[in-house]
Structures are given as structure tokens and as C-alpha cells.
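Presented sequentially are two complexes of chain A, the first with chain B as partner and the second with chain C.
Right after this comes the complex of A and B.
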């Protein structure tokens, strides 16, 4: 009898060993509530990539337990969800979301040494203090805006630019950098306006910016308010006089859907490939959306691509951590794997454009931005098409820490 | 003399008895037991559950303040979150230079001064007009913070305290440490609240709320009483904000917007305006409602059947939380305007006379 029990125990242990370990990955973001138009597809991208990673056994002998939680865009909820995860099943990596919550969590993230990839690209997240474990998947909002200003400078010198930003730390993040960049480029920031959701009539805003001589408006916002401004500009006939453009969360399929033909000509700074491009990442996105029955809205959303990219970076870092540290996957080894993701070890999943050096995603201990390349795309015929090659803003590095 | 332990009601036969903090011995014992229970509660909870308790207790302090301004003095305020914000930012700016036991009262004091100033319109306007004045302050606060580089334009200002009397405070014990501090402050604030309201200032607040002209005729100064109510309510808000700043390790303006003010007002209404017990039950009820709605909306979002029957473009899961909040407030206003406090009162009466009925 004893022999049978011992054999059974050995067999059970063997089965557990064969199945491998479980490693946790946490994302919390606005699946519902404000900005859920971004958070919904972003979370779906993470969820789908995790399923794919498990099906394909991307991390050998490891089952990935992806927890996707809805914080409803409430900072206390984000804090609670994060601490709950630390209590119950400590994740090896945390994929965050909103600017405010991530800025607030920075001290805690630093204390518990949790490598974190937020959806927000606020530069303050990777600026000191408490920035060691924060990594941005793509270039920051500030870099995107400065890149747009450089793009303007290619065709028009001494341009007059107005900034229209979200009334929040997310929106205001770019203002100082834009002012410094304008000074160096010889441009003039004629006005900075804060516009949030519910901007149903923007006549006064547009008339004021026109009167101030603005020929360009750069937006740092989400798609909804930008779409309303574009529609009003078209109604007022100012679309031919003032060129509008914006950072990553202003554009994409959401803007086309909300603004319709008023979006035509809108310029958009983005690091992500579009659905019309043939890259391994985009092909995988289409494949997974079909496999997991995602709606067309989700498939078309850049935020779905963004979620997949974040998850792909996390999975790759875990895989490399397992290889480098004898199968040990935890926050410390994943951090080491992340900061080693550079040079010949850079990661190339095909979701974002590469720099001139051919690098898509790379991180170091001090360079905490993943995809540093970006392109300017223009809305033409109901979709965004690239109008520049991938580039990195040289000026941003100068104005970031003057 | 009746046996004080067998009392089935409050027998107050003198003015002194009428102004006691506790009505009978049983109340003293039950409050003592409640405090003991609250002291040992964290031992049975996870760190993140203690975090939820901390939020509830902090909101309870803010709601106590709101209950002075709105519950007792009848001055509608939708700016309590801004007062919390004033306290939080005062703490954020002073924390690098002062210990927390000074920064938190300083936060309360700064909020009280601003509360006094915000209360000035109450000398001339009442009801909805006054509510609009407080709403203006709420919006001005967010606007000013958003444009102040000294306040990081609303982005995070870290507030860290790593050591207290030799005790290392880190991730492991942060929530527990602040739980006891918040509980201690709450008890102090409740005692102060009770002490204030049982005396002539408390009666002046009620008199001014019920009829300020009559109160004036009886020798009270309605203007000064209203300003006092505003300042005191703001002081509670400021202290709550200061505690929140330490507890969250950073101050971000998003915590102190109009939505939070409305939520605090909802907590006061649901708990029962003008009561200590309501100030504790309201925040607990709203926070647990938020937790359960979060779970429900997560389930709805991930349930294929629910998604298939929902019309395209309609996000029911997103609407669930605001819908449930609105519904709860409306239902309480219609069916139980005295709030959860009244249920507590009925329950207590039942057990006081148990096994007999009135």
C-alpha cells in the first residue's frame, strides 16, 4: 500500500512538473468608464496576446496567468487592484494605464521594484524620482508633439502654432516641451487652450485661434474632443486655413469614426503600424482578432495594437528572464531582461516602426522608452496613411532636460 | 435610581444629562467594543483590504465635516473634495520640512481658512445659490492647481514618510500603519464633533439651519455661525485630504474633483445627514457598492451573452456604476431620507428591548 502511495505521489509531482509553473501578469485600466474607448481595445489586446502566448507556449514550461482588471479610470481602484495583486499572486510585471494613477503609483512601484509598462506615455513617468522601474512602450507624448513641430518646420519656417490639450496632467505634459522646442525652431506658440470632453461647440475656440494667427493646431487629447473641433473647423471653413494634428491618442480609427470626413487631412504622430501594413505584428493582430471573435471596431483600433505590443514586450521579457536566470521569472529577473533588451538583443515584434538603425523596441537602464521611432500619418480617404519615414526626434532630447 | 445597565431608553431629566456625550453605559461599552473590534480588524485582513478600510475611514472624516456644513448648518456644499485637496497639497508641500503630526493639522487649518473665505457668500445667499458658490470654489481649485507649476500642474507630488519614531514604514506595513493613524484621527474628530454639537455652538448651527431669522432674534449671530460651520467643515476635509496624501504616497488633482465632492455628498445622504453613525455607514456603503459594481461590470464586460444582447455602441457595463450611484441616492431620498442611520437606530431599538417589543 505504501508503495502505491509513494508511486502516486511521484506521478502527481511529475505531472505538476510537466505542466510547469504559473507566472502572473497584471493589467488594470479603464475597460469601462471614462476613456474606455481606449482601455477596452487595449485590454483586449493584452488578453488576446496572453492567450496566444499560452497556446504557442512562448515561455517554455510556463503558463501565463494574465489578469485584466477594470479600474474604471479611478486612481483609488488602480491602487487597490495593484496592491491586491501584490498580496495574492505577485505579478512578474505590471501593465498600467492612466497617467494620473501611474504617477501616483510611482513611489510604490519603485519600492516593490515592479517593472511597469503603462499605456500612458507621459514623460513624467520615466523622469526622476521613483522612475527606475517605469518603461514606456512607445515614445512619449512630448516627443510626439515635438516631432510634429519638426515636421511643420520641414515645410514652413516660423510657423504659428496653437496647442489644444486635455485639462489634465495627461494633456499638460507636452506644453513645456513644446514651448522649448518652438523657441529652438523659431516657431511661435500663439495660444495654449485646455479642452476636455463635452466640447460640443468650438466656434469661439477656433475663431480665437484664427484671430491669434495660428496656422497649425497640435492636439494632445483623446479622439472625442479632437473630432468635435475638426467638425467645427470644417463647418466654419477653417479646415483650409488651419492644419490640425496630434499625438497618438488623438488619432486612429476612433477619430475617423467620430469625425467622418472632417478628419481628412488630419496629421497624426504614431509609432504603431496601421492595419493596412504587412508586418508580422499586424498579421498576428488580424489573426488573433479573428480567432477570438473580436469586433471590427476592436480590430481596427490602434489601441488593440498598443495592448498587444505591451503584452508582447512583457512576454518576451519573461521568456528572456527564464533563459538568463535558470527559469526564474519574477519582477527582478524580468527587470534585468528588460534593461538588457537592446543592441543585438532588441525586440522586433512588428507592431511598431523601427528607427533608422532598424531597432523597434529597446530599453536600457537609463533609456526607458521602447519604440523610439515614429511616423507622421495623414487621414486620407477614411484611413491614416504614413507621410513620413520613421524618425526619432533629435530636438526632443535637447528640450527634455535643457 | 434605575439600573443603568438595564435601561431600555434614554432618561434625560436635566440639562447636564442632555449634554452628555454618551446617553447610557451601554453606549459607552458598545463604542468601546467597536473600537476594540476596529483595532484588531486589520489582523484578519489582507493589506489591500486594509487599504479599502483606510479609504472608508478617510472619507468618513470628510463626510463628518460635510455633516457640520450641510447636515447641521444646512449649508449645501459641493466643494468638500476641494477642501480635501487644499489639505492634501498643504501636506505635500510641507511634508519634506515637517513631521506628519504637524503637516496634517496644518492641512486642516489651511482648509479651514479657505473654508472661512468660501463661506463668505453664505452671508448673502442660501440654498442652491450657495451650492453654486461652493461649486465655483471646487472648479477654481482644480483650475488653479492645473495651472500652478509649484503644484506640478495637477500631476503627482510624492508624499513619502519612511520612518516614524524608529519604525521603518514600507510597503509591508504602510497600510496598517496608516490605518491606526487614520482611526486615531477619526476617533479624535468624532469626539470633537460630538463635543461641539452638544454645546451652544451645535445648537446655534441647528437654530440657524432651521430659521436664521429666529436664531438672530434669539441673540445668535447667523453670519458668524455660518462662517464657523464652513470653516469647521473644511477643517475636517483638510485633515482627510492630508491623510489621503500620506496614504496614497502622492497627491494628484484627479482625487479632488467635482465627482469626488458629489460622491462625498452622496455618502452623507445615504448615511444619514447630521449623524456620526451615518458618517461612517455612508462611506462604507458607497465604497462597498463601488466594489460590487466593479465586479459586476467586469463580469458583464467579459460575458459573451450579455455582450451579444447589448446593442452596438451601448456600453452598459460603463453605465453600471454611475447608474447604481444615482439609483441608490434617489431610492434613499424617496424611501429612507434619514439614511442608513435610521436603519441602525431601528436595529438598535429592537435589540434594546429584545425579546420584548414595544
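Right after this comes the complex of A and C.
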């Protein structure tokens, strides 16, 4: 009898060993609620990449337990979800979401030394204090906006620009950097306006900006409000006088669907490849969307690409942590793996454009932005096509901390 | 001058959307003295039903819109039967709490559907652009809002003044016990009020969807944005809802046109006064004329 029990225990142990350990990865974001047009596809990207990582055993002998939680864009929910995760099953890495919640959680994230990749690209997240464990997957909103201003400067000197931003820390993030960049470029910021969702009519706004002499509007927002402004500009005939453009969450397939023809000519700063490009990341995105029965809307969304990129960075960091630290995957080893992801060890999953040096994703202890390359794309014939090669904004580095 | 007139027209157009959204709110209050905090959810449900019928069932958009208005009216009727009928005679605060709970339940149910996340657009059913006359412009969805509001205003005006049911609704609003004593079916009146509120909410949702696309939070937010309009116009006045809505719309348009620019010049980022001004008006109104411009002033004798 004893022999049977011992054999059973050995068999059970063997099965556990064969299955390997479980490592936790947490994402909380707005699957529902405000900005869920971004959060829904973003979360789906993380979920699908995690399934793929487990199926392909991307981290040998490790089962990835990806927890995707809906915080409904409510900071208290995000905080509760994060604290619960710390108490119950400490994740090796945290994939965050909104600007507000991430700014609120910054001190706690620093205290518990949790490497964090937020969906928000607010530069304040990687600025001191409490910034050591924060990493942006792609270039910041501020850099995207400054890059657009540099793009304007290529064709028109001394341009008059209006900023239209979301009434939130997410929207306001870019204003100071844009003002400083305008001074250096000889441009004028003629007005800064805040516009949120539910902007049923933008006639007064557009006429006021036109009267102020703006010939360019740069948006830092989500697609919905921008689409309404584009439609009204077209109706008022101001689309011929004012060129509109915006940072990463303003554009993509959602904007084209919401604004229709009015989106034509809209310029969009983005680090991500589009669905029309043949890169390993985009091929994987198509393959996973088909395998996990995602709708066309999700497949076409850049936010789905963005979610996959965040998950891919996390999985790669865990894999490298296991290799470097004898299979130990926790917040500390993952942090070390992340800050070692540079030079010849940079990561190239093919979701985002590379810089001129050929680097797609790299991090160091002090350089906490992953994909530093970005392009300007233009809406043409119902889709966004790149109109520049990938570049980084040299000016942004000057205006970031003057 | 042309800018002023354009801003006025745009404000009136947006105000008509608010008025449309406020009508259901006023109808429920007028008949039952219940403040319906789930008005925004009815707006969202009506709009999403129209979308589902138009896109998934592939019905023509106008037919889908009509059916969704009827279905949302049915939902209003059902909600009254299931949740509110048993509240007749209960303290008003209890009934209000029921509508807050109802809003939460409807929110949760919508989150379980594909509409809980993302943006949706109706198939094109109106011409693109808008009507341009002498340098003035109104979009076609805004014209639809103005049309809907005018039709509902006329219909309700006739209904409350001339029809037996309308007079019964006013009587119930005035005194439930007295109405029952003369044979008015209070339950029937309540059910009808909720059904008509559902119908107008759906109309508002469809118009908002045509103007700016469908997004659950955006649609629900319209339901809350009408509070200043109904407080301004008077909680129990149908013409008041329309006038209040239009005043709020104009105020927002003028704030964006004239105040935000000033704020920007003195270094305040963004202005955003269009979000604040309606609530400033609401506060001022509550101080000086708490029953609104057209609301019934109740005199309570101690």
C-alpha cells in the first residue's frame, strides 16, 4: 500500500513538473466604459497573445496566467484590482491602461517594484519621481505631437496651430511640450481648446479657431470627438482651410469608420505598423485574430496591435528573465530583463516601426520608451498610409526637460 | 454678425437634441412625480436597438428607427409593470432609488452585449454634409433633431390639452388619490407615461447616433446632460423642456465661441466652459426660480 502511495505522489509530482510553474501577468483597463473603444481591442490583443504564448510555450516550462480585468476607466477600480493582484497572486509584471490611474498608482508601483507597461503614453509616467518601474511601449503623446509639429515645419514655416485636447490629464499631457516646441520652431499656438465626448456640434469651436488664424489643428484625444470635429469641418468647408492631425489614439480604423469621407487627409502620428504592411507582428496579428474568432473591427484596430505589443514585450521579458536567472520569473528579474533589452538584445517583434539604427523595442534603466520610432500617416481612400519614413523627434528631447 | 447667427443656429440645433432627450424625463415626472435617473439608459437602448435592427437584421434605417422606438416604448411599459407599479403610494425617494438601481441594472446588461465596448455608426441614411444657406450651415442629423422635436412638441401639446388620457395624466400628477376617486386608472397612466418616455428617449438616441455615432457612455451622458435643461424649463413642463434645452444649447455654443477664447487669452488651458455653463445656469435657476421657467409652482400651506 505504501508503495502505491509513494508511486502516486511521484506521478503527481512528475505531472506538476511537466506542466511547469505558473507566472501571473495582470492587465486592467477599460473593456467597458469611457475609452472602451481603445480598451476593448487593447485587452483582446493581450488576451490573444497570452493564449498564443501558452500554446507555443514561448516561456519554457511556464504557464502564463494572464488576468484581464475591466476597470471601466475608474481609477478606484484600477487601484483595487492592482492591490488585489498584489495580495493574491503577485504578478511578475503589470500592464496598465489609463493616464489618470497610472499617475495615481505610480508611487505604489515604485514601492512594490513592479515593472509596468501602461497603454497610456503620458510622459509624466516615466518622468521622476517614482518612475523607475514604468516603461512606455511606444513614444509618448508629447513626442508624437512635437513630431507632427516638426512635420508641419517641413512644408510651412511659422505655421499657426491650434491644439484640441481631451479634458483630462491624458489630453493635457502634450500642451506644455507643444508650446515649447512651437517657440523653437517659430510656430504660433493660437489657441488650446478642450473637447471631450458628446461634442454634438463643433461649429462654434471651428469658427473660433478659424478666426484665430489657425491653419492646423493638432488633436490629443480619442477617435470619437475627433471624428465629430472632422465631419463638422467638412460641412463648414473648413477642411480646405485647416489641416487636422493627431496623436496615436485619435486615428486608425475607428476614426475612418466614424468620420467616413471627412477623415480623408487626416494626418496621424503612430509607431505601429498598419494591417496592410507585411511584418512578422502584423502577420501574427492576422493569424491570431482568425484563430480566436475576433471581429473585423478588432482585427483592424491599431489598439489590438498595441495590446499585442505590450503582451509581447512582457512575455519576452519573462522569457529572458527565466534564461538569465535560472528560471526565476518575478518582478525583480523581469525588471532586470527589461532594462537589459537593448543594443544587440533589443526586441524586434514586428508590431512597431524601427528607428534608423534598426531598433524596434529597447529599454535601459534611464531610457524607458520602447519603440522610439514613429511615422506620420495620412488617411487616403479609407485607410491610413505612411507619408514619412520612421523617425524620432530630436526636438522633443530638447523640450522634454528644458 | 454671421458668426453670431451661425452660433445661434448651431445652439438651437443642439438644444433640440437636448429637448428631445428631456421630453421622456418630463413626461415621467409630469405624470408620477418620479425623477427618472435611467433616462440616459433608455436613450442608449433605443439607439442600439435601431442599430441592431438596421445592421444585423438589415432593415432600412428608418424602419429600424421606428421599430426601435416602439420596442423602447415596450421596454418602458415593462419596466413600469415590473419595477414601478408596486411602488405606487411609496415615498418618492424610494421610487427615485428604484430608478437609480434600474439605471445600474440596464448599464450592466448593456455591458454584456457587444455595445458595451466601442463605437458604432448607423448605415448612411441621411445625405452627407448639411444645409447651407447664405453662409449658414446646419447638418442633416441636426435638422432631423429639430424636426423630431417640433413633431413631438405639437403631439404632446395636443395630447395633454385635448385627449382624455393626457388630461388624466395631468390629473394623476396633480393628485393621485383624487384621480383614483374619480375613476382614473393611475396604473394605466403611469404605464403610458413610461412607454411614451421610452419612445422619445429612443428618438433622442437615434438622433445622437446619427450626429456623433453610437457609444454607450456618450449616449448615457446625454441623459444626464438634460438635467440643466429640465431644471431650467421646469420639471413638469413639456414646452419648458424644449425651451430649456434650446437655451442650454445656445449657451454652450456661445460659451465655446466667445468665453473659451477669452479664457485662452488669459492663459487658462482649453476653456471648456461649455461643460460648466449649463450647471452654472442650473444653480442660478435653483436659487431664484426653483420650479423653472414654466414649471408648476407648488404652494404648500403649513
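Definition applied: the second predicted complex is superposed on the first by the 402 of 402 C-alpha atoms of A that agree within 3 Å, B and C clash if a C-alpha of one lies under 4 Å from a C-alpha of the other, contacts with A are read in each partner's own complex, and residues count from 1 in each chain.
Just so we're on the same page, contacts are C-beta pairs under 8 Å (C-beta built on N, C-alpha and C of every residue); 3 or more make two chains touch, one makes a residue touch a chain.
For clarity, every value in this text was computed on a predicted model and none was experimentally measured.
Participant: Consider chain A as the common anchor and indicate whether chain B and chain C clash or fit when overlaid.
Facilitator: By the criteria stated at the top, chain C and chain B clash after superposition.
Participant: According to the stated criteria, A:172 is in contact with first (chain B), second (chain C), both, or neither; which is it?
Facilitator: In the superposed model, A:172 contacts both chain B and chain C.
Participant: Between chain B and chain C, whom does A:257 touch in the aligned arrangement: first, second, both, or neither?
Facilitator: It touches chain C, and chain B stays clear.
Participant: Taking the superposition on A as described, I'd like to know which of chain B and chain C A:340 touches: first, second, both or neither.
Facilitator: neither
Participant: Please indicate which partner A:194 is in contact with in the superposed arrangement: first for chain B, second for chain C, both, or neither.
Facilitator: both
Participant: Quick one: classify A:33 as touching chain B (first), chain C (second), both or neither.
Facilitator: After superposing on A, A:33 lies in contact with both chain B and chain C.
Participant: Taking the superposition on A as described, I'd like to know which of chain B and chain C A:236 touches: first, second, both or neither.
Facilitator: second
Participant: In the overlay, answer first, second, both or neither for which of chain B and chain C A:205 touches.
Facilitator: Touch status of A:205: second partner only.
Participant: Pick the chain C stretch that clashes with chain B in the superposition, from 57-65, 93-101 or 291-299.
Facilitator: The stretch that clashes with chain B is 93-101.
Participant: Which chain A residues come up in both lists, the one for chain B and the one for chain C?
Facilitator: Residues 31-33, 36, 40, 167, 172, 194, which sit in both footprints.
Participant: In the complex formed with chain B, which residues of chain A make contact?
Facilitator: Residues in contact with chain B: 31-33, 36, 40, 69-70, 72, 75-77, 79-80, 83-84, 86-88, 99-101, 103-108, 111-112, 122, 124, 129-130, 167-169, 172-173, 194.
Participant: Which residues of chain A touch chain C once you look at their complex with the stated criterion?
Facilitator: Touching chain C: residues 31-34, 36-37, 39-41, 165, 167, 172, 175, 191-194, 196-201, 203-205, 207-208, 211-212, 223-224, 227-228, 231-232, 234-236, 254, 257-258, 260-261, 297 of chain A.
Participant: Report the residues of chain C in contact with chain A in the complex, numbered from low to high.
Facilitator: Those in contact with chain A are residues 3, 6-7, 10-11, 13-14, 17, 111, 116-119, 121, 124, 128-130, 132, 137, 139, 142, 208, 211-213, 215-218, 221-222, 225, 253-254, 256-257, 260-261, 264, 269-272, 275.
Participant: For the complex, which residues does chain B have touching chain A?
Facilitator: These residues of chain B touch chain A: 46-48, 51-52, 55, 146, 152-156, 158, 160, 170-171, 175, 248-250, 252-255, 290, 294, 297-298, 301, 315, 317-318, 320-321.
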